[in-house]
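Labels run A, B and C following the written order; every chain starts at residue 1.
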Amino acid sequence: MKVLMPQLGETVTDGTIVAWHKQIGDAVEKGEVLLDIETDKISTEIEAPVSGVLVSIDVTEGETVDVGTVLAELAEAVEDSVAVIDENVEVAEEIKSSAPSENALSDAPEAIARLSRGENLSPAVRRLVTEHNLKINDIDGSGRDGRVTRQNVLDHIAGLDSSAPPTQAKQDERTERIAFNRMRKVTAAHMVKSKATSPHVLQTIDADFSAIDRSRLSRKAQWKATTGYSLSYLPYIARAVCKAIADFPLVNSTVGDEELIVHSRINLAIAIDLNFDGLVAAVTRDANDLSVSELAERFNDLVMRARAKELQPDDLQGGTYTLSNPGPFGTLFTAPIINQPQVAILSMDAVKKRPHVIESDSGDAIAIRPVGILAHSFDHRAIDGAYSAAFLQRLQSIIQKADWDSEF
Amino acid sequence: MAELSYREAVAAGIAQEMRRDESVLFIGEDIAAAGGVFKTTEGLLDEFGPLRVRDTPISEQAILGAVAGAAMTGLRPIAEIMFSDFFAVCWDIVVNQIAKTRFMSGGQCSFPLVIKSGNGGGARFGAQHSQSIENWAMAVPGLKVVAPSNAADLKGLMAASIRDPDPVLFFEQKSLYGTKCEVPDGELLIPLGNAAVTREGTDVTIVALAAMVPRALKAAETLQSEHGISAEIVDLRTLVPLDTKAIFKSVSKTGRLVTVEENPRLCGWGAEISSLVSEELFWDLDGPILRVTTPHIPLPSADALEDAVLPSPARIVENVLKLVD
Amino acid sequence: MDVSVGPLMTAAHQAGALEKDLQCKLYQHMQACRVMEQRAYDLFMQNLIKGTSHLALGQEAIAAGFGVAMREDDYTFCTYRGHNHTLVRGVSMTAILGELMGRECGLLSGKGGSMHLMDVDKGAMGSYAIIGAHLPMAAGAAWSAQYRDSGQVAVCFFGDGTTNIGAFHEALNFAAIWDLPVIFVCENNLYMEYTPIGDVTAVEHPAADRASAYGLERVVIDGNDADVVYAVANKAIERARAGEGPSLIEAQTYRHGGHSRADPGKYRPEEEVAAWKRRDPIKMYRARMLENGIDESEIIAIEEAQLGRVDKATATAKSSGPPPLEIANTDVWADGSSTWRN
């Protein structure tokens, strides 16, 4: 029975082998842990699906393989060994029947037919792949039946050498090279892919946070005392976004094959920074059902678990809209990158006291108000500027006029 | 430089050595007055006289026993066995007496002799006059085995064989007697145990011997011009001592090996080469080792049949194409 | 058939008493051979000699007669029954017994064994185990001597069975046509291994009756009479040295033991064995020496000296260990190595 790399997240396409707990030849019980794997931000264990003997290990520690790749094979009790014996008999008969006739004048190399991609890599290929720590699947094969030849491997190695960035003539002592960890690699790849996929448009609007401030500041002390954490703007904005999405559902969708798949539920993702060591977008499912206080609780739980690396696959999967709030740092606004396969993302930076023009019948006056800029990146394949602008206007209105006290 | 035929080179090599060393004598059937049935020893009787160049009766055991006794007692004799198939008649003297006596005596004597013989097929002589038996000789500890592919090599290797302190079986491939090439003037000496890379290449190593070398060269030309495959040809020149370094150097470069042997298939010399390479160069091989040989049959006499069974350039090409992706 | 008596048979008929020194020398050689072969037999029984061994007990007169007649630089070629022929060339008895026992001090360093005794420095050019193969080799050594004009001769010993193998005939013809200085000595002990030679040979005298086929004198002598053997040997060697070509001598004799250790020789009629044992060459010569007036004390001294010699040789050889294992890979080639590749 083959043990395969599972899919541990909706958008996860591969996983890394962290550690084997068993060796070839070990007997294992069903449910026993065979190996640890890691995908994006999750570490988890793979258990033996059946009892038997581990007869082969096909991936090594540190290796990253696609979902569905065979990791190992278990021989279940007696049936498997019988199968092996039969296989040998089959092979022996095959050899006998395929022996060239005695009178054949040509010299018949049976062995050549067996050298093809995937089976029977030649000794030279095996050695080079091992010596240079390569993955056979990375190498293009131009031999018969697509087999990887020795020359293919040599060319591949030469290609790797030449595509390496030119090294500095003299090592600069003041520079530091920080290798990308797995999360950085994943993030980098995702960002590039997102920008390449979605034509990003940035649209901004400002909002007066006085109403939210009244609600927030009056509760602040007690909230902190009860829960242990601060009540921030984030749950308010999240609530406002959910309400606005109700009127402008298209921002909560995914671009399909020449169609827009509009999601009925709002699974709101919030961007969580992990102490400058990476970024996760943690999802709250059915956020539209939750009040500000419930959202606050949920968000705090996510942040705590994110920072303790205890997020589960469900916490990372299925987001339909993302909210980013780098506010604490005082930035004006940010042009965020869409979290694929969503079509829009909102960034809310700092809320700051600003001079604000108040219009009244008796004339315009300047007052000091807490103002924040909402920056909306949207995918222009899915929606147009007017729609997004209308959404932002609705959002602004909710922020400024909702009955925030009823949320508690 | 002069152009010599392969057969002329035989006499030239023997003469060169007989001139410089009086202990070199030469006996055999029809080698003196007639200059050899293949005309390989013309002029030797005239130059060196009947004491040093002597015709014998048809007595292969006596001929070889005589050169053995003479070699043990201070001379450097050369004997001819007319057709190498005839070695079977006197094989006892070769393998039990000449090859073993030094060892059995604890090193008390040695046998600095050369037995030269017309080897191989292609002349339509039929099975008892056409076999390539260099593999028989290679299999016997105590014998050196030489098989040149061209006139220049022949002259130089003949000289080295005569100077060698050990018994040498010197195989002249009959089908090459008429071939010609430029041979340097003056003394020529090619030490035993040195293969020649006759053609450089990158995609496959073809190891060949004697008459198979020109066929391999023809095949290499076809492979290059019609298939863009670059073949390297290694002419072994001697089977014992064997230039394994040259073989390994070539195969580690190309990753592929084909041997071309005139001897019958089983236990042909290529089997030993194949074994050595697969044992010591396994991790450089990009495909299985192939052997192109005469099938395991006595050689037929009809020209169409003989040509079909001896390894041809076309068959060499066919096998390389199977091997190179 | 030519029944005229040639020079060798004349010499045989005319064989008379030799000088005392020569008689003693002959007797000493025969005695040495006898005690050494007997010791070899004993060592077999003690399992100190392994493999097989072919003893020439009873045939000593032939080896001794030729050994005394030969010059130091003449060549001997003999068969696997060649311990005596090697010993009489002055080869160390210790080295011979050591070789039989497979010791480091052995004549061939333990690499050849009983059937291949050889001492090139003493002219003992080898004992050979393939019937007939050494006959053309002896002819070759003679050819070498002739070419070099050295005056050396080659003496080649073989048994009656050899006369029916191809190499015998090739060698005789070859030697005859080139007038080579080689003496072919057939020790006819009446049995080709286990078979009476008459059953398998077309002529009565397996060697002598073939001589005319090669233009050679028909020579049949009593191989157990050391004086006759010496006389004929002397003559043949003299003729060869003078350039008068090869000889073929059939010396009739009898072996006391079987063909080899494995053979108790029970296929021979008891009366035949008894009769030949009465004609033991050593017994006969001892009696003759006494008849010729040689003091018995001198004879006893020779006997005791040889006994002492074989005892000493045995003790020395026994004290030598087995050959070092490394030598198994040496001396295939003249440079001492066995390398076939680089």
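Here is the rule we go by: a residue touches a chain if its C-beta (ideal position, glycine included) is under 8 Å from a C-beta of that chain, and two chains touch if they have at least 3 such contacts.
Not measured: the values here are computed from a predicted model.
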{"item": "Arrangement of touching chains [line / ring / star / complete / other]", "value": "line"}
{"item": "Chain nearest the overall C-alpha centroid of the shown protein atoms", "value": "B"}
{"item": "CA centroid of chain A to CA centroid of chain C, Å", "value": "97"}
{"item": "For chain B paired with chain C, centre-to-centre distance based on mean C-alpha positions, whole Å", "value": "40"}
{"item": "Inter-chain centre distance, chain A versus chain B - centres from mean C-alpha coordinates, in Å", "value": "69"}
{"item": "Residues of chain B touching chain A in the complex", "value": "255, 282-288, 290-293, 295, 308-309, 315, 318-319, 322-323, 325"}
{"item": "Residues on chain A engaged by chain B in the complex (per definition of touch)", "value": "103, 105-107, 109, 111-112, 115, 122-127, 142-144, 147, 149-151"}
{"item": "Chain C - residues contacting chain B, complex", "value": "75, 77, 106-113, 116, 118-121, 125-126, 128-130, 132-145, 147-148, 154, 166-167, 170-171, 173-174, 177-178, 330-336, 338-342"}
{"item": "Chain C-touching residues of chain B, taken from the complex the two chains share", "value": "25, 51, 54, 56-57, 59-75, 77, 92-93, 96-97, 101-110, 112, 141-142, 165-166, 193, 240-245, 276"}
